[in-house]
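For reference, the structures are reproduced in the following blocks.
Both complexes shown next keep chain A, but they swap its partner, so chain B is in the first and chain C is in the second.
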Partner chain A sequence: MIIVQILINGLLLGGFYAVIGVGFSLIWGVTNIINLAHGAMALLGAYITFFLFQEYGIDPFLSLPFSFLCLFIFGYILQRFLLNLVVRAQIFMLLILTFGIEIFLVNFMTTFFSADFRSITPEYAGTSFVIGDIVIPYIRLAVFAICIFVTFLLSLFLNKTWHGKAIKATSLDLDAAMMVGISPAKIYALTFAIASGIAGVAGSLLPLTQAFSPSIAGSLTLRAFTVSILGGLGRVEGALIGGILLGIAETLSSYFIGESYKNAITLGIMVLVLVIKPTGLLGKKYFAEVKH
Partner chain B sequence: MKKSILLFGIFLIIMLCLPFFVSGYWLRVLTQTFMFAAIATGSNIIIGYTGYPAFGNIAFFGVGAYVTGVLMTKFEISFLATLPFCALSGFIIAVLLGIPLLRLKGHYFAIATIGVMEAIREIVDNMTDITGGGMGLTLPIMAGEPAYIYKFFYYAIMLIMLFSIAVAFIIWRSKFGYALRAIRIDEDAASVMGINTTVYKTLAWALSAALVGIVGGAYAYWLTYIDPHTAFETTYSVKMFAMILLGGATTVLGPMIGAFILELISEIVWSKFIEIHGMILGALIVFIVLFIPKGLFETFKGGFSLRKIIINLKEYRL
Partner chain C sequence: MKRLGFMIVILSLICLLAAPLFAADVIKFGAAISLTGKLAKEGNLVKMGYELWKETVNKKGGIKIGNKYYKVDIKYYDDESDPNRAAKLVEKLITEDGIKLILGPYGSESVFSTSAIAEKYGALMVQGGAGADKLYTRGFKNLFGVYTVATEYMDDTLKMLQNKTPKPNTVAIVYSNDIFSTQVAQGAKASAQKYGYKVVYYKDYPKGTQDLSTVIVEIKAKNPDILIGCGHFQDTVVIVKQSKDYKLNPKAIAFSVGPTLPDFVTALKGDAEYVFGSAQWTPVLKYKDPVFGSNANFVKAFKSKFRVEPNYHAAGGTTAAIIFQRAIEKAGSFTDINKIRQALLSFNEETLFGKIRFDSTGKVVGKGMPVIQILKGTQRTVYPDNVAETKPVYPKPAWR
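Take a look at the complex of A and B:
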């Protein structure tokens, strides 16, 4: 029975990983930038939710749109006025640049919000429903539902709206997109903004399920990266599958091998997938990769 | 070429005499600068020459530190005798990992090396019996007066730096280095020309890992205390990359110059802003990438001018 509980925990955790990963994967797929500041941006969302709850007593779930909006604006400005300036440089320049941003943000948060571990416990935190031996906390279920909903919305946006289609077009062929009147600078900024916004939402969900501090930014980015690798770049549904696979793999390995090897196992899985099947488990080349 | 060798000679003589004139504080700062210069020069063999962004090369620094630490505490081997083992362990690990990982390119390789670093850190963290785990490892302290110890490490780490530069220089001038540059520019073409790219890449990474490993060993004995977080410090990776970028990745001395500039800036500027020094490091990196992405060497070849900075800014924009 315990194995079912582990699988369900993994599934619920995987929903969260999917939302962390989907934005990262979108930025990578469309602009070919590895955003190493992704985890730090998610933490900004976490702090927004945390402070709104602590200072004004606003329910964490209600602060999601606000956190999305803040990070959306932040992401737009960042891409439009900073990343767009170097987007054609060699890849390791972009890596080091986003790492610079990560260091900046993490130290900013440590200085102004302190390095303490924080979490939110609303009144309904302890409630859960029980089937036989299996316990499912309502909060985790709600987080999972929101995660699915967000990925669904993103998928809808990319496939149905003009801007979404423009993003996909830009990623498939930059020159052709420019020829039909799409401004790549704006589309890159929009992509980055949406992805940051989703990172903010993911961050806002974080304090509900675990304690956080600026120091976990790196491990969040790592999860996002692994999810992107597992699911394939820029693929929304891929990120969902990748996230759930990662969540289950982590909970299983924590149970059977030990909690302290969790990161090593995540990385092991990632390196294995990279070496065996570099295009991700879903296996199609997509978006930015087509160009190369 | 002659001019730069002459300048390097003068620089060397100054550095050799310096310990007799400056305070212990600056001796320490310079020792740390040498250490970073050695790391950056060693890593540049894979990063700059071969074009594989080994972001997690600090992994070998940590491995070196722990090899020295464990050999000295558990087997009571003398410090200098442990250094070859540091190099050897770095070399072997890089060969074993290089065979699968060097098939990856660009982003994938960069992140895979970060993965390797985190994984090695976690393994070290969990092998409490041998490495002390999270409690860290305390090395025997060197006998002698503090002033003597300071000078010893100053010269020792300077020697390691010079050794790294010498190795990097020999590689640069050799046929092997020529092959590495060919791989950077076009790997497929290099392969067609008859270069066994897998062997060359793996060897380049292994050599760079060996050099970084030696630095790690010296670092462990210098600090006399290491734990997984100081030995596998992620910030070092970033600093190393920033130094290579600042000095210029396609030169032998570039990384060293980058290390000196960045470390001295950090001592002069950050020591006044202890609280926000991380933020300044982040901002500085952003600045370097934006304005001098080709490194100081390339950018200011014909003299300094503001126009060159502005041209750089326009070059890579969308």
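Take a look at the complex of A and C:
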């Protein structure tokens, strides 16, 4: 029965990984920017939630929309006025720029918020519902539900609204999109803003389940990276599948092989996917490749 | 001309010989320490310890050698929590800055790398920032440390619990796979077996992991009486949170690192209650000290300078500097490395950190490892009995 518990843990963990990864995947697929500052931006969301809880006692779940809004605005400004300047340049330039932004953000957070590890323990922390031998913590379940909801909302946005379809159009064929009156700069900025907002939401969920500090920014970006590779770039559903797969892979490998090999195995899986199906498990063609 | 040349030579010789007399009456110490990076918090605390010592000693005139007083100064470099960088910076301190009295960095990896540099160049290092046993098994002559070593971290805790009712029989040990934590776990296992416990779980996890749900679930299946976690602050918080999530209810939970840091209670609130921690030092231990007079005085001085309570990282730093000072005073020199080393080897004094004595490898002996417990949201010293504030609470009530 312990294996069922392990699988459920993996599933719930996977939902969280999906939310970390979906923004990263979207930006990469649509604007061709590999946002190495993704983890750092998620941490900004984490700090917003942490400080709201600590100073004003605001429940972490209630701070999510606020976190989304703050990171949305931040992402929009960052893309529109900084990243947009180099978005047509070689991918190497973009990597350096986002890497620089990551360094800046991490050091900013370390200087002003200190390197202390933070965590939130609200009243209802640790409560779970029990079915026989299986324990399902409420917070983890809520985090999973939010992740599914966010992914669903994003999918709805991309497929049903004008702006969403414009984003997809831009990533498929930039010239054609421009011909029908879509402004790439604005669309890129919108995409980046949404992805940043979602990163902020993911970060806001961090303090509930673990302790965070600016030093974990890199590992969050790595998770986002792995999820994107597994699921296929730019595909929202792909990120969800990729995230859940990653979560289950982690918990299973921890159980069968050992916790210390967990990272080696999950990265091994990523390499395997790159070798066997480089476009990811759900990706058809690499979105951006359709460009010329 | 020849006479002028001769005069110049004589004058230069006199200047050279007299230079030491004109040199500033300052004893220079050097330290590469983690002011930024993963270990920034601890590194800065150690630096605060060094700074308080420096200020206190200089206020009294300085270190006394013979009839003269020498002020002290410390040159710092930021090793960014990177052991390789720390080693390079210590090499810089020795070769470029000409400093042979090195105050240790924070963290076993950094002390490991920098002490090798100090040994190579014949510089002395006294450190209050690392306790890995491996530090003292390399045959080095120039390294001295005040931390009780890793393998002895959990010994007093297990000793304290062995006769409590209901008697605990089984122990689960989980640890982070870095040098220090691995050795704490090995020592904990040996101590557990020494005191007659059965070790039912013994596994490691990657350093800095953010999810331990599988491990917690596995431990729960073994139903141990005592859960021992050997890691660092970040994983300790995760273990407590996830123990509550999955309803893991041992009779006692003890960590090698974590509960002694004030942020432990801030992060976990009520869930931190009843958790035990091993402490190199606590502010309430009733020890006398050669520089501050007593541990209590040290705590007061620290609070008035930095406006926070000192923790063991800061106390360790101050103690390392105090020991260096006392050794220099005993040796009667701050440049004769051999004499200072001899003074360190024969050191046997009570300091704010405890009764300090070193064995031939530079490892501190006989200091012990006090145990604290979080009770009503504050850290209380519960062991050893003769310096404890209060009695430990056992067994731990089940999670609600």
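Just so we're on the same page, the second predicted complex is superposed on the first by the 289 of 292 C-alpha atoms of A that agree within 3 Å, B and C clash if a C-alpha of one lies under 4 Å from a C-alpha of the other, contacts with A are read in each partner's own complex, and residues count from 1 in each chain.
Keep this in mind: contacts are C-beta pairs under 8 Å (C-beta built on N, C-alpha and C of every residue); 3 or more make two chains touch, one makes a residue touch a chain.
Everything numeric here is computed off the predicted structure, so don't read it as measured data.
Undergrad: For A:137, is the partner it touches chain B (first), chain C (second), both, or none of the two (neither)?
TA: A:137: touches chain C, not chain B.
Undergrad: Looking at A:81, would you say it contacts chain B, chain C, both, or neither? Reply first, second, both or neither.
TA: neither
Undergrad: Where does A:263 make contact in the superposed view: on chain B (first), on chain C (second), on both, or on neither?
TA: both
Undergrad: Let me test your reading of the model: by the given contact rule, A:218 touches which partner, first (chain B), second (chain C), both or neither?
TA: So A:218 only meets chain B here.
Undergrad: Where does A:149 make contact in the superposed view: on chain B (first), on chain C (second), on both, or on neither?
TA: In the superposition, A:149 contacts neither chain B nor chain C.
Undergrad: Examine A:110 and indicate which partner it touches, taking first as chain B and second as chain C; both and neither are also allowed.
TA: In the superposition, A:110 contacts both chain B and chain C.
Undergrad: For A:129, is the partner it touches chain B (first), chain C (second), both, or none of the two (neither)?
TA: Neither partner.
Undergrad: Based on the A-chain superposition described above, do chain B and chain C contact any of the same residues on chain A, and if so which?
TA: In chain A, residues 107, 110, 260, 263 are touched by chain B and also by chain C.
Undergrad: Under the definition above, what is the set of chain C residues touching chain A in their complex?
TA: 36-38, 40-41, 177, 203-206, 208-215, 217-218, 221, 233-234, 237-238, 241, 244-247, 263, 267-271, 399
Undergrad: Which bits of chain A are touching chain B when the two form their complex?
TA: Those in contact with chain B are residues 28, 34, 82, 84-89, 91-93, 95-97, 99-108, 110-111, 184-185, 188, 218, 222, 225, 260-261, 263-264, 267-268, 270-271, 274-275, 278.
Undergrad: Which residues of chain A touch chain C once you look at their complex with the stated criterion?
TA: Interface residues on the chain A side: 2, 5-6, 9, 13, 107, 110, 114-121, 125-126, 128, 130, 135, 137, 139-140, 209-211, 213, 215-216, 219, 250-251, 254-255, 258-260, 262-263.
Undergrad: Any idea which chain B residues touch chain A in the complex?
TA: 47, 53, 55, 100-101, 103-104, 106-108, 110-112, 114-116, 118-119, 122-123, 125-126, 234-235, 238, 241-242, 245, 275-279, 281-286, 289-290, 293, 313, 315-318
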